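Following this line, the structures themselves.
Each of the next two complexes has chain A plus one other chain: chain B in the first, chain C in the second.
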Partner chain A sequence: MRKTIEKVYMGIILVFMYLPIVTMIILSFNSSKSRAKWGGFTFDWYINLASDSEIINAFANTLIIALISTVVATIIGTATCVAMMGLHKKSRSVIMGITNIPMINADIVTGISLMLLFRFLHFNAGFITVLIAHITFNIPYVMLSVMPRMKTINPSVYEAALDLGAEPFFAFRKTVLPDLMPAVISGAMMAFTMSLDDFIITYFTKGSGFDTLSTKIYSEVKRGIQPEIYALSAIIFIIVIVLMVGSRQLKARNSAASSKKEISYEKRKGLSKKTILLLAAACGVIVVIGLTFGGVFKTEDNQVYVYNWGEYIDPEVITMFEEETGIKVIYDEFESNEIMYAKIASDNSAYDVICPSDYMISRMIQEGMLQELDWNSLPYASENIDPNYLESAASFDEGNKYAVPNFCGTVGILYNKTLVDDPVTSWDILWDEKYAGQILMQDSVRDAFMVALAKNGYSINSTDPAQLEEAAAELIAQKPLVQAYVIDQVRDKMIGGEAALGVIYSGEALYTQRENSDLEYVIPDEGSNVWLDGWCITRDSKHTENALKWINFMCREDIALMNFEYVTYTTPNLKAQELIEDETIRNSTVAFPTEDTLSRCEVYTYLGQDADELYNELWKKIKAAD
Partner chain B sequence: MFNNRQTSRLLASPYIAWAVIFIVVPLAMIFFYGLTDESGALTFANVAAIARPENLKSLGLALVLALISTIICFLLAYPLAMILASNKISSQGIITTLFILPMWMNFLLRTMAWMTLLENKGVINGILSFFGLPTINIINTSAAIVIGMVYNFLPFMILPLYNALARIDDSVINAARDLGANAVQTFFKITLPLTIPGILSGITMVFIPALTTFAISTMLGGSKILLIGNVIEQEFTLSYDWNMGAGLSLVLMLFIIVNMVVTMMTDKSSNS
Partner chain C sequence: MAKELIRLEHVSKSYDGNMILDDLNLSIHENSFVTILGPSGCGKTTTLRIIGGFETPDQGRVIFDGQDITNLAPNKRQLNTVFQKYALFTHMDIAQNIAFGLKIKNKTDAYIKDKIKYALKLVNLEGFEHRMPDSLSGGQQQRVAIARAIVNEPKVLLLDEPLGALDLKLRQDMQYELIRLKNELGITFIYVTHDQEEALTMSDHIVVMNQGYIQQEGSPEKIYNEPENAFVADFIGDSNIIHATMVQDKLVRILGANFSCVDTGFGINTPVDVVIRPEDVELVPRGKGTLPGKVSHVIFKGVHYEMEVEAGGFEWLVHSTRMAQVGDEVDISVDPFNIQVMNVPASEDEEAIEIDV
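Presenting the complex of A and B:
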């Protein structure tokens, strides 16, 4: 009876622990890209995985960081534990105290503190900084595992060996190390696990273009994860299980063998040699994988660092650019102008080409964060870009000195016709109690305030504190009805029918309609935001020439067309527009809004530092409200 | 080595150098940034910012959720650790690895899988409605965040408890029973006190990461619920105010120090 209860209890906890993992494995066979919909059984993601260099790259980085940091941390940690025995009690407790800091300290504090150090030292964030960070938090795990064991070791055997004429290191290796080994190995395992699983510290210490699996997934979670990741996790899971079962069988066989014969000292050593050989082989495999696929030691000079919006380019275009020019592209994505700004402000040379929107371009120009473009190197841009768009870009970038228009679009409401029966013509519907828990708002300051300001009939560029307070109050009142504040996730959630109404950018609307024909996009009568973003080059760019080549390439009509068909935002590229074959898209009012709609929409302008702070202040209050 | 001070110092020096550069100095940097403003002048404003209602609220909520998660983890893990420890001869290795194994799958992936499970049209609700049962709406609430915390940090509670329980000598328990204590008395008078060090390290290892997380609350809270970790993260990635971020981190360190002191004091009193 008692045994049964125990088994049931253990079973329940195991189900709890493994339920998400099973879910993930099932999703890896789901042919629908959306997590929320089962589209049938497929092996596609496993096949695609093999050619997805980004994911493989991130995985290789994760492995190599975990391996190197574990080895280094194990050596340093074990050496320190051994040394501790010969130190003063006082210095011992000081060392242990310091060692406890990364253990006890929150990951976020450790991560931030290291980031501040690296920035202060002008270290280029990337592989090395992440490695240092991982070694730093791994050493304590090794020490905490080895230290208790070290304390139980009797020094007399070691001393006897010395008395018999052994060299100190030889004596150590023969007497102390074998006793220490189990603790060292379990410490190393712990360190390896922690390194694999770490997200927060890596997130703060990684630089541009360097991703481990964790950081890669975090950026993907926000914009809808690629199913290839599920496939990869399923594979990892299977490998781990096989390794575990294999090692257990090996152990069982060894212990069966040793129980037959009296185990001699020699024998024991022989066994551990076998284990060491196995471990070394595993390490070798990891190193090979890491070096082959990881971006770790590839320090090509002919490259360009691009920082673009999520899902804002046809991936094929990047490959084409690399093939045609021989320039290696390091491509990262951001979610909002503000996140992009914070990154560039902290390290201007982190990226060469960025793609901010109107008001952010104006702010970055004012703050001297961009460099003037050499239009002579941009023949496609001068030929293909619609002069009307250049003219409107000049409103925030006088003389078109800093930016080449990339895409433009509007902000509106996407709604599910089967879930919403009222006509959607006004922002007011986002405050309708009827749709409580069914509304998705944009998790970006300006867009959220735009909705409330437009609803109240104010300018979306308002800096009047009274109007802003009023808008903030509206947003706080709306919060209980809001299901979530999201950016790129709107797409997945609307496709899956998870929400009825969502604030969304126009390009996403066409994409979602393709996946779910019940969805409809509306620009409310009160008006909205029309935005334009453009390619810019950072002030301290290290690859200006390549950056210009990138921008020019993006303006070539066939490339612009590919991008347009992939992201479906309005392209300012005249020649590309002419090339659009699909009638419905060419005539789509979502992709190409009418004059009448546009007349209701306003462009964001940069409001200055004071207004910016007020927006941020109020936004924090909204986010903290109930 | 055991008595040779010079060799010992030599052996310890790489770590000491490492620890000073990558543990002590970065910590000092947090103090520096946290206690200065943009121009580098000394100020307490960044630390005092914790008193703003919105920050205070996110700190309070983080404390409450971390506390609830820690208690749930403890209540779930203790019986489990007892079961595991009582079967120690048969399958020690496989059982403990079984509970560490999920950690080899990426932490964010596992959390995201919970999103899929808990969503309104997610897996759990799909199963519930299939059987005609009422569905649950807990995604983007504090409850979902607590589930995520418990799920992610449970192994950190199981392991130290298991180690502490496995270390208890059976003869001590048998002695208590022989002396007439019943099962309940033995548990409260012998087992529980003997595992206090394990409990304390389990609590620390769950409470601290739960208190300071920002990924779990972002993913399972739909960015609607702001914990102190989110506030700090946003100061760095969104508002670009490093001084404020560092200042708030200092406040967080205060809680960690309090936790350490309490742990040490309980540890001492339980020893004596």
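Presenting the complex of A and C:
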């Protein structure tokens, strides 16, 4: 009986720990993009992954960084352990304590302090800074593995070799190192895993134009995580498991060797030699792959630094631009306006071209972070962009001096025709008790308030405290009916039929309709938000001419079309719209809302700091309410 | 006397402010078996390590065969060491261990092969070439360590408590082996130990050390029979060490009784220490000896009886082949030649030594 309980308990714990990973691995073979529906078994995501040059590039970077940092950290860490043996016991434990602190220290602290140091020393953030950071945090892991082994080594063995006439290094190599090797290799494996794993420290030290897998994946969050990422995560998980098991095994043999004296010499010797050979071969292969794909060491002057939303461009377009203009594109992605803002605020010249949204553009204009565009250099933009959208853009960028519209969209209600009988024409339906537990809201301050303000007939840019209090009260009253406040899960839950109604962006709506034909998108009569983002050039851009060429290229109709088909948000490019082959999409009111609908919608504007604070305060109350 | 091979001149060494060696002077002659003997922490191992080159003295010089080698690296010195814990290379077999030094010296394969064979024969380990160190007993490992050292034909072999980790029987066997080896090789052995029996058995010359000072040096017989101070007397074998008064030449008063002795020149009524070895104390019937006493303990030790006799307020340790009964009333008698008279320590250092003991 007790045995059974123990086993069940153990089982529950294992399920707790591994169910998420198992789920992810299963989903990586799911041919449907939905997280709730099984669409059959497929290897497509793995195949797509292999053909995604950006992912492969990031993967190569990850491996090169992991490899070089491991080798360097292993050498430094081992040498430090050797040196520490010469110290007094007390100072040794003090030093060991000091070197252990970085391991316990929060990654964010390490990351930020390294970033500050690099900036202070005027290092260009990129490959080298990430490498230095990884070496830094890897050294303690190597020492942690090597030091205990080092302590078991009889120092007389080294002295005996000296005594027999060996030079110090030869003596070390012949006597101490062979005994140390298993611990050195297991330390190196640990370091490799840590480096492979790291996100936070890399994120803070990487600068622009350089990504490892973890930062690459993170920057794709904006569009929702694609199944390719499940496949990739599954692969990483397997690699980490293999390394961990390998390092464990070495450690086990290592301790078996020291406890059981009769372990045969051939076995031990064979193991370390074979392992070293294998490692060396693997290193060689990885470096070659990395140098081929990574382009780590390529330095060119004719460049343009682009900072765009994740998954917000057809990657093919970048290649085409590079081929046609000969300009090298350093392309980075961000996941929110605020993150982009922070980066540009700390270093204005880090990027040449950025793509902020409406309210952020107005804020950046106010704060003098952008430069005026030379429209004479933008013939495609002048010809192709819908004047209606230019007019909308003028609401936050007077005279269209700073931004060229890139994509736009609306916010509306997505509903499942099989679950909702009533006509959906008003935001009121989100307060209908009939749909309790079936409603999904956007987990973002402005979008949530927009719904309540529009419902009450107020401006969605209201800064009137009374109107905002009223809107907050409405949202609190609605909360018991709401299934969840989410972001990209609206899409998946709606596809899977897990909810009846959801607040969603038009681009996502178009995508969900492709996956589930029962879904319908509506912009309520009270009006809604129309958002717009645009290409802007930073004030201190070092490649203004190239930046203009980039923006102009993006406005060419064939390019805008490619991006539209990839991103599915509304393109303000009239000529691109005409080129759309699929008639239903070309005429879709979801993709291209009518002038009438648009006239009911408002663009978000920057509300100023005081209103921002009030929004956030009320938002906290709403989130805390039951 | 044979030629001087090694000389330590005014050598001092301290660690973290603790004085380990203080102005040490020592001379070691060719082809001798010298033992540095003392309790742990006396500086004997440090002395050996300075000779071996693993430590550099803070002050003083090390002269080897007329040359100053104070700052010479260990791998450049013409001597080899046998370490306390064998220190074999565990990932090499016995032959590879022994060949290590010879390979560094670029000897031919044939020469190395011959040497391995010769060395293994010398230490009675023929046929062990391809065994691994882990598969050998402690005594065998120690003999490999010796073989590994001697194939290099050093002028001096340093041995740092090489028998310390072995059991008693093995230790005794190895003592004879070492004497034999030394005689066959005809080189100088410098041997460090805290075991006085080992020192007495093997050495030509013993250096007794304590707290960084040399207490006494000389032949084993001289050290045993004529200890120069209470520390040496106590450390070398069992002793009765008693405070006494030198009444006049050849007469010493011990615990109120006057004993005849052979020592002269201490002056009149001078406080001294006397050392009397337990086997030199004779128990005679009451009235026939010098000091009356009573037997308080008797233990049978095989070759002799070990007894304690209460006499004059002192517990005398007595070794005798004749047994007495507990409670027997006896007299103590000592041959004048067997009373060793010593000066009472005058300096604070010497005092400290005595208290420490």
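Convention: the second predicted complex is superposed on the first by the 413 of 626 C-alpha atoms of A that agree within 3 Å, B and C clash if a C-alpha of one lies under 4 Å from a C-alpha of the other, contacts with A are read in each partner's own complex, and residues count from 1 in each chain.
Definition applied: a residue touches a chain if its C-beta (ideal position, glycine included) is under 8 Å from a C-beta of that chain, and two chains touch if they have at least 3 such contacts.
Model, not experiment: these values are computed from the prediction.
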Partner chain(s) touched by A:Asp163 [first = chain B, second = chain C, both, neither]:
second
First (chain B), second (chain C), both or neither touched by A:Lys417:
neither
Which of chain B and chain C A:Pro178 touches, first, second, both or neither:
second
First, second, both or neither for A:Thr23, with chain B first and chain C second
first
Between chain B (first) and chain C (second), which, if any, makes contact with A:Lys401: first, second, both or neither?
neither
After the superposition on A, what does A:Lys151 contact: first (chain B), second (chain C), both or neither?
neither
Partner touching more residues of chain A, whether chain B or chain C:
B
Taking the superposition as given, does A:Phe120 touch the first partner, chain B, the second, chain C, both, or neither?
first
Is there a shared patch on chain A that both chain B and chain C touch, and which residues make it up?
159, 168
Which residues, counting only chain B, touch chain A once they are in their complex?
1-5, 7-12, 14-16, 18-19, 22-27, 29-30, 33, 53-55, 57-58, 76, 79-80, 83-84, 93-94, 97-117, 119-123, 137, 140, 151, 154, 204, 208-209, 211-215, 219, 222-224, 226, 229, 231-234, 236-240, 242, 245-246, 249, 252-253, 256, 259-260
Any idea which chain C residues touch chain A in the complex?
16, 52-54, 73-75, 80-81, 83-85, 87-91, 93, 100-101, 104-105, 132, 134-135, 145, 148-149, 152
Per the touch rule, the chain A residues reaching chain B in their complex are 6, 9-10, 13-14, 16-21, 23-24, 27, 35-36, 76-77, 79-80, 82-87, 95, 98-102, 104-110, 112-117, 120, 132-133, 135-136, 139, 155, 158-159, 168, 172, 193, 196-197, 199-200, 204, 213-214, 217-218, 221, 225, 229-230, 233, 236-237, 240-241, 244, 248, 251, 336, 338-339, 341-343, 345-346, 437, 443, 479, 482-486, 496-498, 616, 620-621, 623-625
Touching residues (chain side chain A, partner chain C) in the complex
88, 154, 156-157, 159-168, 170-171, 174-175, 178-179, 261-265, 268-269
